[in-house]
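One chain, subunit A, links the two complexes that follow: it is found with subunit B in the first and with subunit C in the second.
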Partner chain A sequence: MSSKSGRSINIYALTWRLPIIFWQFIFFVGPVLFMVAMSFFLVKNYRMTEAFEFVNWSKMLSRGYFWDSYWYTVFIASVSTTCAMCLAFPAAFALAFRASESTRRWAIFLLIIPFFTSYLVRTFSWFVILSESGVVNAILGYIGLGPYTMLNTNFGTLVGYMTLTLPLVVILQTVTMANIDKTLVEAARNLGCRPLATIWQVILPLSKTGLIIAAIFCFILSFGDFVAPFYLGGSQEPTLPILILDTTKSGQQWPRAAVVAIMMMLTLFAIAFTGIALAYRKRKGAK
Partner chain B sequence: MTKPSNKTFMSAPSRRQLLKAGGAAVLTTPFVGRAWAATTEINMLAWYGHGEPDVVAEYEAANNVKFVPKYYAGGDNMLALIAQSPPGTYDIILSDAEFVQQLNLAGYIEPLDAADYPLDDMLHEDFSQFPGHWADGKLYSMMVRGGHLGVSYNQNSVSEEEAQSYSCFWKPELEGKVGHFDWHLPNLGMMSLYNGNGTALWDLDDAKWDAVQETTLGLRKQVGGFFDYGGTFNGLKNGEMQAMCGIGDWITGVLQKDGAPVASVIPKEGGIQFTESYSIGKGSQKADLTRDFIKYMLSPAGQVKSAQMAAYPGFCVTKAGRAALIEADPAEAKRSHQMDGDPQDPITLIKEGRIHYRDIPQQQSLEDWNDFWSEYKNA
Partner chain C sequence: MSAPLVIFDKVQKTFGDFVAVKELDFEIREGEFLAIMGPSGCGKTTTLRMLAGLEAPSVGEIRLNGEIMNDVAPHERDTPLVWQSLALFPFLTARENVEFGLKMRGVDKAERKERALKWLGKMGILEFADRDISTLSGGQKQRVALARSLVMEPQILLLDEPLSALDAHLVIRMQAVLTDLQRELGITFVYVTHSQSEAFAMADRVVIMGNGEIAQIGSPKDIYRAPANQFVAEFVGRNNILSGTVTKLTDDTARITTPSGEFTVPTNDVLLIEGHTASFVISADLVHISIDKPVGDNAAKCKLISEEFVGSMVTLFLEDAQGHEFKVQMQERELSKFDLNSGDEIWLSWDTSSAHVLNEG
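For the complex of A and B:
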């Protein structure tokens, strides 16, 4: 009897798991495998033909401009992550420890609202604000400063990245810090710990996992974003997503674009796994 | 007195009623389908704008057809879309002239009957014998419009005199204010013209190709960005870019109509012509309707529509078309220099040898040019 009931429970559980397994295979594992296979295909007369050649890999990886784009993308996504984490922290701290429950709920709701609008529309709206004849320069003009070039620069790209990532990072940081046991913070303060030391020695270690997850999300979104570097950065130094577009536009080189995409995925896997390992690593002496 | 039925409208239908309703639905469906099918759909593959109401709505209403456009960006993209679709997918294909030959070689287009089109009314003899449009004495594609690429600039920071040479892109005041339309072909073509390659601008040996690359790299410090159509448009409109390389009146014309202080001229080193031609897709079941539409686009009325296209203007290619434009919209004819005696008249420029038809590199591959373009963007 017991073994029979145990089997039926497993089938029940499996039935519920099957959709997500299918989903992953159809929409993730399958396309990734196809993309890997495609990176060995050849393009003849603008049509992909099945083959198993390493020419796309050797061609892309031997090009200086690929590595320039690669390291620039890593750099700008890292800067974006650092900026987002630093800008989000004070806001998230205030919402988690200073704001009332109701204020926090409203703030999170307001942070979600930007996602109701297309990211492209939000990006285009920056043209009005950042252009040389735009709002920011007009205000600076009143105090005798500017005009400054903000569009088509790294600064423009970063503004776009912040538009994409900052609300999400604030939400993740807020939720993480709001779940910290407040008595531990109070205990630290009662035992004479200064405010900054409390943040450094109590709050940051306790919210480490959430903060790292927020940083990983920010890096992933920035690393793969096409819109900000293209429209606000002026494609000045092409990031890898722009390189993918350039590669497909000229000669329909989808196999070479697949090489770039695989390199991006490998990078993101490495960063995500390293981040998660760090996030869940136990402190020395911790049980 | 009839006894009122106790069945109300909202009461549950019987099985008989359901069967009746279902049967009626099944039997009438084909008629509904035919009512929709009364308007014939014509599948168009074209650059953005050609299938929009400002161009085709009148023709659709008059001929009970409906264009279903699929837009592409660039000849490579067009060829790929056709290559990846079954024969007969596209009834009408608008192509840049330099890609017609490839369309024909790949067997993607049907031959046309030259007698159907006003070849003897073309504004320039080149237009009726355009390279690649004829093969083995058969016409495969009909040129419908064109445009010139040269120096596009903001009139507040570049004078018309300065714009008479590509050297204005190197003006110190324009540092960070020169934009590129993000396509290697027109940009490198212009650099080739600037290097004095003239009619051989696409036919570069190694030394000349190296020189073109060097000249282009020398411009990099002036460059403020690489843009698609929307970005180019915005950059010029909000003043972020004061000069643009790789475009012409097809973008500044739209802005000019909107009151922006921008213009395009053909500099003394010469300019590049883009040429757009219609072909009938191989295996099209609506070849007759498609042929009629191409004839319409070459008629005076069609030429006026084409010249006034909201997405991007182009010049007329027939004499009757130009005359109709001057009569119907003299302001646009004047703005776009489509007037006899205008020094920037597109036909005069071609006759003076200042215009070179856009082509693909002759001694390098497109891939070589694209590789260099990627390197340049990263420089």
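For the complex of A and C:
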């Protein structure tokens, strides 16, 4: 009797789970498996043919330009993550500890608004602001500075990354720090901790998990972003997403693009896994 | 013993339109165990927070050792606080929690460790020094929190309802720990609580607060036997309060006519005027019961409503013909002589000297 009812509950639960399982298989697991298979295919006369050869892997991974691009992408995504985390922190800190509950609610609402418009549109609007004859250079011109080249530089790429990630990072940091028990901050002050030192002594340790997750999000978004390095960075030093585009265009090398894509996914898996392990790490010596 | 360590000089605290503390004017003596007691929202925690520098007084001065403390930042004060929620740092071990304050004061690593271990040992939790806070029991956390404050070797220790989260049997044990510590260390304890039993069990003096004001300051016995006004009498509980009109005044007694009857009370030094209203209290444990009408001035006939046993003590809840409620506290073995049931009518009586007239207001 009990095993029968147990089974019927399983079917009930399974019915609800099925759509998401289907979805995951059709649009995630399936494509990833196909991409892995494709990385072993060959291209003959600009046409992809099924095969199982390691030539794409050995060609791509032995090319200097691949590794240049790989390390450049890791570098620029790391810089982006560092910038976003640092720029977001004062804002998030003020929202979490200084602002009233209603101000915080409004601020988070306003931080969601950028996501209403396309990222591409927001990126293009930077042209008006950053170009040689743009708003920033016009203002700097008044005080006798410039003009500075900001588009088609690493700076441009970073501005694009910030456009993509900064609102999200501020939201994640704010929510994390707003949930800190304020009594702990007061307890630290009561025990002789200076106001600024509470950040290092209490607030950062307490918000570690949330901050690491914000950083992971920022890195993943920057690492995989095509728009910022392509339009604002001028793709002079191609990042991996640009490399994928170039590879598919030149000679229909989809299999080699698949190699790049798999390398990107492995990197992100490693980063996310390490990050989350760090975020939830138990203190050493804890029993 | 009697030099004032802390002086609250006409201290007021407002949050926007809300007046948390109206006007505080009192002293905390060096080496005493002072309890600040009152119902929630009476301003007792605000008072403690002002002492720790976590709130600044809106008006008035707080002086510690004669120095005005109003503008001294919390981290520059030597007023460690034991929090209601304990506020232990979850990312540190028990020992690191205890070391925190010393670290902030720049004490070097070896000395920090030594002092932390000494205090953990004193609190009887040395074996848990390297444990994570989350793995400790309520009582153990309580001891870590105490050690964390006491390791600073302060002149004054502030405690904000530190026992409210503990089981009843642990509360009794921690009360003993606290009074022993206070006596041994000789430092001043300021203990905020809403619990009368905690305050009366531990404190040398009790400050009763209500609506942001001090209602009475005195020894637990003073407050219990001679509440200054109706608020204190009601808050302390286990009191019978009667109100009526003063009908006859002699040198040291007054007749007060209440709906429950006419009673004689000692006037003490309270100013009573014939024809005006007055209230008085009789502690529940000073009321006698009898089956027959007793001789003497102060007696009331009541119906037994219910009984409440706490150990060997029993509290009777009674009502007179006018519906006025009376409480009587007595030993269970005394009560058993009477063989009473709910609804039985009995006489209550008390000595004139047991009654205590209240100051109005």
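As a convention for this text, the second predicted complex is superposed on the first by the 282 of 287 C-alpha atoms of A that agree within 3 Å, B and C clash if a C-alpha of one lies under 4 Å from a C-alpha of the other, contacts with A are read in each partner's own complex, and residues count from 1 in each chain.
Definition applied: a contact is a pair of C-beta atoms (placed from the backbone, for glycine too) under 8 Å apart; a residue touches a chain by one contact, two chains touch by 3 or more.
Just so we're clear, the structure is a prediction, and the values are computed from it rather than from any experiment.
When the two complexes are overlaid on subunit A, subunit B and subunit C sit side by side with no clash. Looking at the superposed arrangement, the partner reaching more residues of subunit A, out of subunit B and subunit C, is B. Within the superposed three-chain model, A:251 lies in touch with subunit B and out of touch with subunit C [touch as defined at top].
In the superposition on chain A, A:229 makes contact with neither subunit B nor subunit C. When the two structures are aligned on the shared chain, A:241 is found in touch with neither subunit B nor subunit C.
Of the two partner chains placed by superposition, only subunit C is touched by A:186; subunit B is not. Of the two partner chains, subunit C is the only one touched by A:197; subunit B is not. Of all Cα pairs spanning subunit B and subunit C in the superposition, the closest are 46 Å apart. Those residues of subunit A lying in contact with subunit B across their complex are 45-47, 63-65, 68-69, 72, 127, 131-134, 149, 151-152, 230-231, 233-238, 243, 246, 249-253. Against subunit A, the residues of subunit B that register as touching in their complex are 73-74, 76-77, 79-80, 83-84, 106, 176, 179, 182-184, 223-228, 231, 234-235, 238-240, 366-367, 370-371, 373-375, 377-378. If you check the complex, the residues on subunit A that touch subunit C are 181, 183-184, 186-195, 197, 201-202, 205-206, 208, 283, 285-287. Those residues of subunit C that touch subunit A in the shared complex are 52, 54, 73-76, 79-81, 83, 85, 87, 89-91, 93, 100-101, 104-105, 130-132, 135, 148-149, 152.
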